[in-house]
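The next block holds one structure in the form of structure tokens; read it before the comments.
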Amino acid sequence: MIKKDLFRPFTILLIISWLTIFVLIPNLGVMGISFLTRDEANFIDFTFTLNNYQRLASEIYLKVFLKTFSVALCVTTICLVISYPFVYIISHTIKNKSTKDFLLILVIIPFWTSSLIRTYAMMLVLRVNGLLNSFLLGVGVINEPIEMLYNWFAIIVGLVYSSLPFMILPLYTAFEKLDHNYINAAQDLGANKFNVLTKVIIPLTKSGIAAGCILVFLGTLGMFFIPELLGGSKEILIGNLIKNQFLVARDWPLGTAIATILTILVVVLMVVYARNTKDTNRYQVVV
Amino acid sequence: MNRLARLYSILVYVFLYLPIVVLIVYSFNASKYGTAWQGITLDWYKKLISNSGLISSTKNSFLIATLSASIATLIGTLSALGLYRYKFRGAKLFVSVVYVLAISPDIIMGISLLILFNLVHMNLGFYTLLLAHITFNLPFVIIIVISRLRSFNRNLIDAAKDLGASEWVVFSKIILPLIMSSVISAWLLAFTLSLDDVVISFFVTGPNFEVLPLTLFSMTRLGIKSEINALCTMIFGVTLVLIFVSHFVFRRKV
Amino acid sequence: MKYLRVILVILFFVVHLEVMAGRELNVYIWSEYLPETVVEKFVKETGIKVNISTYDNNESLYAKVKLLSNSKNGYDIIVPSTYFVSKMRNEKLLMEIDQAKLKNFKNIDEKLINKPFDPENSYSIPYLWGSSAICYNAKYVTGPIDSWNVLFDPKYKNKVLLTDDAREVFHVALKLLGYSGNETNPDHIKQAYEKLKTLMPNVKMFNSASPKLNYINEEVIIGLNHSGEAYMASLENHDIKYVYPKEGAILWMDSLAIPANAKNLEEVYEFIEFLLRPEIAKEISETIGFATANKAAIPLIIEEIRNNPTIYPGKEIQEKGEFQDDVGDAIVVYEKYWEMLKFDH
């Protein structure tokens, strides 16, 4: 008898307390510290200041933000362009269910593999005496090895490589939900292939596209070890900047200010996404 | 399916797998720095097995992964249930917060937890790592279980309640068995995420509790060495096993 | 559900056993600074479990130790460079060392103790010293390599490696401008920053964790390197050479120190005693190619290494070079320009 009354409040209390202690309070702490001053001895000095945000608005930091957003945008676009046709082909042209399952598992394997391992593997391929260069030299396309590692090319390839499954899986979910009847109807009405694509398929897979783009974009923003490994510690993106403030430069207020801006961005993107996908598949997520 | 389409999809798979294949192949390369191919060897694997620091990191990682996945699945399943079944004030807000957490960059959670632990003067080590891992696993567990609950047949619950079952019985004897495959999938995902986590562990672990991804990260920062190839290959092998296990579990889902 | 609870309880029990059992030692040291063979010998002899974590520059070491200073337990032993010993000492981050417990302390070269950064060595024990100078691959690099200026040559575009260490990189520019490597004047540091900006197009990567791999793999052909790393690289690839520039090399010394909140004190003293043994110091120096501070070990070291100028530079090199010193508050200025260097190129 008592169990019945306790179960409901128990489950609710459980999740509320966990989130409060380990999410709400720390994030409030992050935001709070972003308004304090740096202290050499104790990390933070409880003096209110807007200095951190002012510094972030200066040219040098704005450049970092800009660079990071451009990279994230670039990576997202490349992932979308590569994944969309791929998912369309797998989802629509393969009829055999178990083949489809198998092909999907092949995509999930990299998704579940540590991105650190995949990044390191990419280093093996891109380096001067690595696979790609040896192949190109052997085939005679080039005379001298191309520098494909420790530069922006490597960073972007690495980020795309790491993020691709995050674009493929939501797209796949959206495509699976796509009702063939719509396509058939459009074709019956005389639409050509291009129109079927742009006027039927793309709008109907909108939620998958949006979900994939958000996952990839946000995932890229926080990365620090991929640019560090593939960029030779030469390039600084937002993730490296934040990490540096905590583990090298010891400027917590600046680091938390950057993190706060990132968090606001995440929330804004989520709100925009939620507002624009009003169908029942609103919270469709990759499983 | 036309040729171009087939070629394209094969290319994508090649892109996804080539580096991993290269990694596995080169883990058997007798050359220490993997530049030229110098014959097959199992030396690097043998070296790994006798490296006690690595073995201890691995044990630690599995311990944390198992514990954090189990606790997160426990809390997460109950929470998902609460959020799904009970309409309380702020439920919608909570679900939104959970989604935001799932997609937020890990680094934000990493530093926020670091600040929390520092503020309460908590010793950085096993317990902080465990708490951190449970926290980042929770949103994923909740999302997976809620997704499954949404397609749950409410009639079963109503029927049970009509027959006089209490909340607890409804949960343990009706809902849970039917969503069990999702719960197990959630556990497996949490386990994998915990095993692979670099960013959050980087910030909250302490001097006496090193985990595998961090050891791997310091090794990769040194540069390219065949020993690292062998380690990565082994970890990849474990992941493969987990995936196949999870797939079989999933297949039995209603 | 019931089984789950039982399993969890058992797991927690197991965890407690694991976590509480046995003698342990938590070492935080430069990467590639402690040969595995030496650690194995220690473990075999004492049964103490040694947990090693690594860092590759003093700033990271300092930041981590500071972070942990709020915890009950920090690392048991760390190896800061001399200029960070004084900084950490002043901030009460280090524990006083009881030299009475270290019989082997007498093995340390007297020329290296009682220095201004730690009078009477109350907080540190010299471990290894060495230099950072120019390393290059003779197969691709020709011509006299005698000055830091060589790194700026446009023909080395995207072929240069720099260590990931603010002080070392700035040292190069400061010396070329005629200043001291331990400059504290912000204007001079700024000038060094401007000069370094012109070097950036040549820089392919920053690496302090293990630069030797990048030279061995021929990913870079010239740049900064530490003496020991250059020595180890030359063993794998005989084209790799190490040379001291005329403006003077960067000289540094790293010492063993105990953080104030170290837990395993008995184990730490055993470990330090072990490292101070002449045979062990010899093994360390021969394996990783850095000069030992242990005078008793020197006669035991094999001749090729004892006379190798890369590892044991002669008097003139030492005099022309400049030892790294604490720059006090100016370190913040260095760090600021270092960050700017990395994102504005």
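A few points about this structure:
A, B and C are the chain letters, set down in written order, and residue numbers restart from 1 in every chain.
Going forward, contacts are C-beta pairs under 8 Å (C-beta built on N, C-alpha and C of every residue); 3 or more make two chains touch, one makes a residue touch a chain.
Since the model is a prediction, treat every value here as computed from it, not as a measurement.
Chain contacts in this assembly form a complete graph, since each chain touches every other chain. On a Cα centroid basis, the chain most remote from subunit B in this structure is C. For the pairs A-B and A-C, the larger set of C-beta contacts lies at A-B. Rounded to whole angstrom, the centroid-to-centroid distance between subunit A and subunit C, based on C-alpha atoms, equals 36 Å.
Work out the mean CA point of subunit A and of subunit B, and you get 16 Å between them.
Counting only residues that touch two or more partner chains, subunit A has 43, 127, 129, 246-247.
Residue positions of subunit B touching 2 or more other chains, listed in rising order: 35, 114, 118, 221, 224.
Across the assembly, subunit C contributes 67, 207, 217 as residues in contact with two or more other chains. Taken together, the subunit B residues at the contact with subunit C in this complex read 32-33, 35, 51-53, 56, 59, 63, 66-67, 70-71, 74, 114, 118, 121-126, 172, 176, 206-208, 210, 218, 221-225.
Subunit A contributes residues 1, 3-4, 7-8, 10-12, 14-16, 18-19, 22-23, 25-27, 29-30, 33, 43, 82-83, 85-86, 89-90, 93-94, 105-110, 112-125, 127, 129-131, 161, 164-165, 214-215, 218-219, 221-225, 228-229, 239, 242-243, 246-247, 252, 255-256, 259, 262-263, 266-267, 270, 274, 283-285, 287 to its touches with subunit B in the complex. Listing the residues of subunit A that touch subunit C in their complex gives 40-41, 43, 60, 63-64, 67, 127-129, 147, 149-151, 231-236, 241, 244, 246-250.
Per the touch definition, subunit C reaches subunit B in the complex via residues 1, 4, 7-8, 11-12, 15, 18-19, 24, 26, 28, 31-32, 36, 43, 49-54, 56, 67-68, 70-76, 207, 209-210, 213-214, 216-217, 236. Chain contact summary for the complex, subunit B toward subunit A: residues 1, 5-6, 8-9, 12-13, 15-20, 22-23, 26, 34-36, 75, 78-79, 81-83, 85-86, 88, 94-97, 99-109, 111-116, 118-119, 131, 135, 138, 142-144, 146-147, 166-168, 171, 182, 185, 192, 195-196, 198-199, 202-203, 213, 216-217, 220-221, 224, 228-229, 232, 235-236, 239-240, 242-243, 247.
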